[in-house]
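Before any comments, here is the structure.
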Amino acid sequence: MTGPPDVPEAAPRRLESGSFSSGLTVPDFAACLQMGLRPVGLVQGFCAMQWGWYGAGSPYMRGMSPYTPQGSGGAYAQTWYCPHGFVSGEHRMWGQNYEQVWVEQAWLQGFNTAFGRLIEEAKEVGAHGVIGVTDTAHSLLESNVAEFHVLGTAVVVEGAPPPPKGEPWSTYLAGQRLAKLVEAGFMPISVVASIASVRVWAYCVTEYLMEGGATLWQTQGTAPVQDVEQVSEGLLAARAIARDHVRRQLGTDTLHGVTVATSEREIGGGDQVFECTLRGTRVRRFKDFDPIGAPRPTVRLS
Amino acid sequence: MTTTPEADPRAEMAAAAAWLAHGGASSEKRGVTSDLSIDEALLLHSIGWEPIELVFGVSITSVPVGVWTWGRGQIGAASDAHNLAVHTATERLTKECSTVGGHGVVGVRASVEVHPHHVEVELTGTAIRPAGAKPHVGRPFVSDLSARDFVLLSNAGWMPLGLAFGASFIYAPRRDAATALRQSTQNVELTNLTEALYAARESAMDRMQTWGLQMSADGVVGVHVTEGPMYFARHVMAFSAWGTAVHLAGDRHRYVQPDVVLPLDDVVVQFAARSLRGD
Amino acid sequence: MTGPTDLPKDAGHRLEELQHGFFTSDLSVNEFLLVKECGFHPLGFVMGSSIYHTGIQGRRWSKSQELDKLTEAMYNARELAMTRMEEEAEALGADGVVGVRLDVNYYEWGSDAAEFIALGTAVKAEDGKSYRNKLGKPFTSDLSGQDFWTIMQTGYVPQGLVMGTCVYHIAHRGLGQTLGSVGQNVELPNFTQALYEARELAMTRMQDEGNRLEATGIVGVRLEEKTHQWGSHTIEFLSLGTAVTKTADEVTLPRPTVIISLDN
């Protein structure tokens, strides 16, 4: 990738100074020391992306076609056709749900670039891993620009060899939670994020149902109260695709502590976008679960 | 109470890192995605269960036009739509759970929104099973209780069965002009609204109980309720209730007999640091 | 003890009363007990404030740049508030200040003027040893009583609340130009570099402060972004943390009991 020097000028000066900085809270810091993790520096990565979504010249209705009911290149697409059999300008004869692969790619490029820079900073300080990662992705100012900012604390595992190929491992976890994860037999591999974006272009039946006009079409087998199949499928597809994206990278590893975020946006009449992002820490089992003692149930006095 | 085996976090970490440095490969047969915290994973393990996969259930159900604006009493189409949406979403969630061989879904987060022309229900949870167990025969259970609650319940001899929902929408008759005028300067109860809300509550709770009884449950725990006028139709009083239907699976209830503690933390961090085999 | 030089007379009177063993503190009972547990005694609630006119600085519409005068103003204002708080603590013979909070208030008397306040509880070690930092001043830290206890268990001692700031102006026009390639997803290199650099500068300056205190490291670093009242294109990046020095081997915490809380 061409572009800015991957780490800004001020970074080396900060990273080379003798002292460390860490974004960990004090309890997390204490836990980290007890695990033999020596913090070596606060590392970050940043990337601003132009979000070529719905501004002027955006790829409006890109990828949609009544003749390709199956999406191209393995992408999800599902097509519905009008059951009524009449033609009118206001009557949507067909509709489609389709995966907006280019949106997913843009998001991933932004996330991966920022994350790559964080790892690069981590390598510069000779880290074995990065813990307590936080990431934010939000649009900036009023334009179609989104920024990705990833932050974490680089650590060295005392008395352990560096990770394979010098590539630091990373995790969203820190402190006791990380200690418990390791004790439970999981080693963190990497933070993982994925996104799915599904556009739903409604056909006549969906439009009528969503606008409360179902009674008009009762004769065509449309009950006034019924599942709006196209929209339900679209919402479900967004979630399933995000999960599949993650699964494909996972192999036999576990994605631990997943957070799911979903959003729905209306672009115009009968035109919606459903998005789903998943974030979690990819972990790998290195020993069997230790059985844990039964915890003491307690009630707080205060 | 069993004793916790002593573990040295430093040695554990160093061993794990060394294992990774030497190209350690996973000993698992298949990947797992789970939104459980490590505490929850450990707790599940303590009763011999494991997470398998994140599962979803969604349904959008249509509501015909006009139901909110005229009529009297129960708005049947609205509660039918609500009922259908919850049922369809739960069906889809349990289908995903069965596909991955789960015996049940815990920690279900339910988002239910009622709009003028549609009801939207979204369910997200983690499918679990007894470690290494064969796919479940029959219907998997669904619970909006956390994995931690599932463990506590199960230790006490109880098992969740499914989500029990009930909703009711009642059209509150407007006061006639003379009454409205007379009441405008008085402090009076608006009996039309009170009555509508009461009626809505009774029928919603009743529906939830019926749903629970159909599952042969002994009760419903963790009931949440929402109540009040609809944002788009102020004369419609809505009441909805949902919770996890449970039944006593063991022969008797097992008591937990808690210890009392006096914490010195100001912030109530529930079940976090130092709570579970922490170091 | 000579009185502080920079403080108002009223403060002098309040502090005199505190020198006779009576203390005030905004620590909660839990925090009070934990601070005592580490061998410290609270002396008094100390504060410092500075009302600062932050001025303006010309920004070029089309150029992304650091606004060094504003950076300096923001930094000096906080530094003044912190120094005055330290002076109060010094007047009490304190070893340090815990639970420091730094705030900015805007009042109605002018959009360019702001009050910078530092508040905290001065503490002194009961074993008679000095816990002052390398510069001979009481240490400052934004750690709560609980965090203070925990960090002391790890063998680290707080040295000072350190900060770095950078006020950055983001170009308007440069952005529009890059948008020429419509319909594509591309990285905006200038933009990335500007914001990346601004954050790095704030963090580097914080680290420099830590190095002046000869700290081993900085814990609990927070990176805040504020637009204050400058409009959305001018952003202050503020980096804050507590510098710590390793003084002893860590105390091994007793193995905690495994509990499951039945409280809501």
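Should a chain be cited, it is by its letter among A, B and C, assigned in written order, with residues numbered from 1 in that chain.
Definition applied: contacts are C-beta pairs under 8 Å (C-beta built on N, C-alpha and C of every residue); 3 or more make two chains touch, one makes a residue touch a chain.
Everything numeric in this text was worked out from a predicted model, so none of it was measured.
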Two chains sharing the most C-beta contacts: A-B
Distance-maximising chain from chain C - centres being C-alpha averages: B
Chain nearest the global centroid, as defined over all protein CA atoms shown: A
Geometric centre distance via CA averages, chain C-chain B, whole Å: 42
Chain centre separation (chain A, chain B; CA means) in Å: 24
For chain A paired with chain C, centre-to-centre distance based on mean C-alpha positions, whole Å: 33
Multi-chain contact residues (two or more partners), chain A: 27, 34, 292-300
Multi-chain contact residues (two or more partners), chain C: 146, 253, 258-263
Multi-chain contact sites of chain B, meaning residues that touch two or more partners: 4, 43, 152, 256, 258-259, 261, 274-279
Complex interface listing, chain A residues touching chain B: 27, 31, 34-37, 128-129, 157-164, 169, 173, 175-177, 179-184, 187, 189, 209-215, 224-228, 231-232, 235-236, 239-240, 243, 246-247, 250-260, 262, 278, 280, 284-302
For the chain B and chain A complex, residues of the former touching the latter: 1-5, 7, 9-10, 12-39, 41-43, 45-46, 53-54, 56-66, 77, 80-81, 84-85, 88, 92, 116-118, 122, 124, 152, 256-263, 272-279
Touching residues (chain side chain B, partner chain C) in the complex: 4, 6, 43, 148, 152, 256, 258-259, 261, 264-266, 268, 270-271, 274-279
Complex contact set, residues of chain C against chain B: 28, 30-31, 33-34, 144, 146, 253, 255-256, 258-263
Parts of chain A lying in touch with chain C, wherever the complex brings them together: 1, 3-5, 8-11, 13-14, 17-27, 29-30, 33-34, 39, 42, 44, 46-52, 55-59, 102, 105-106, 109-110, 113, 117, 141-145, 147, 149, 151, 292-300
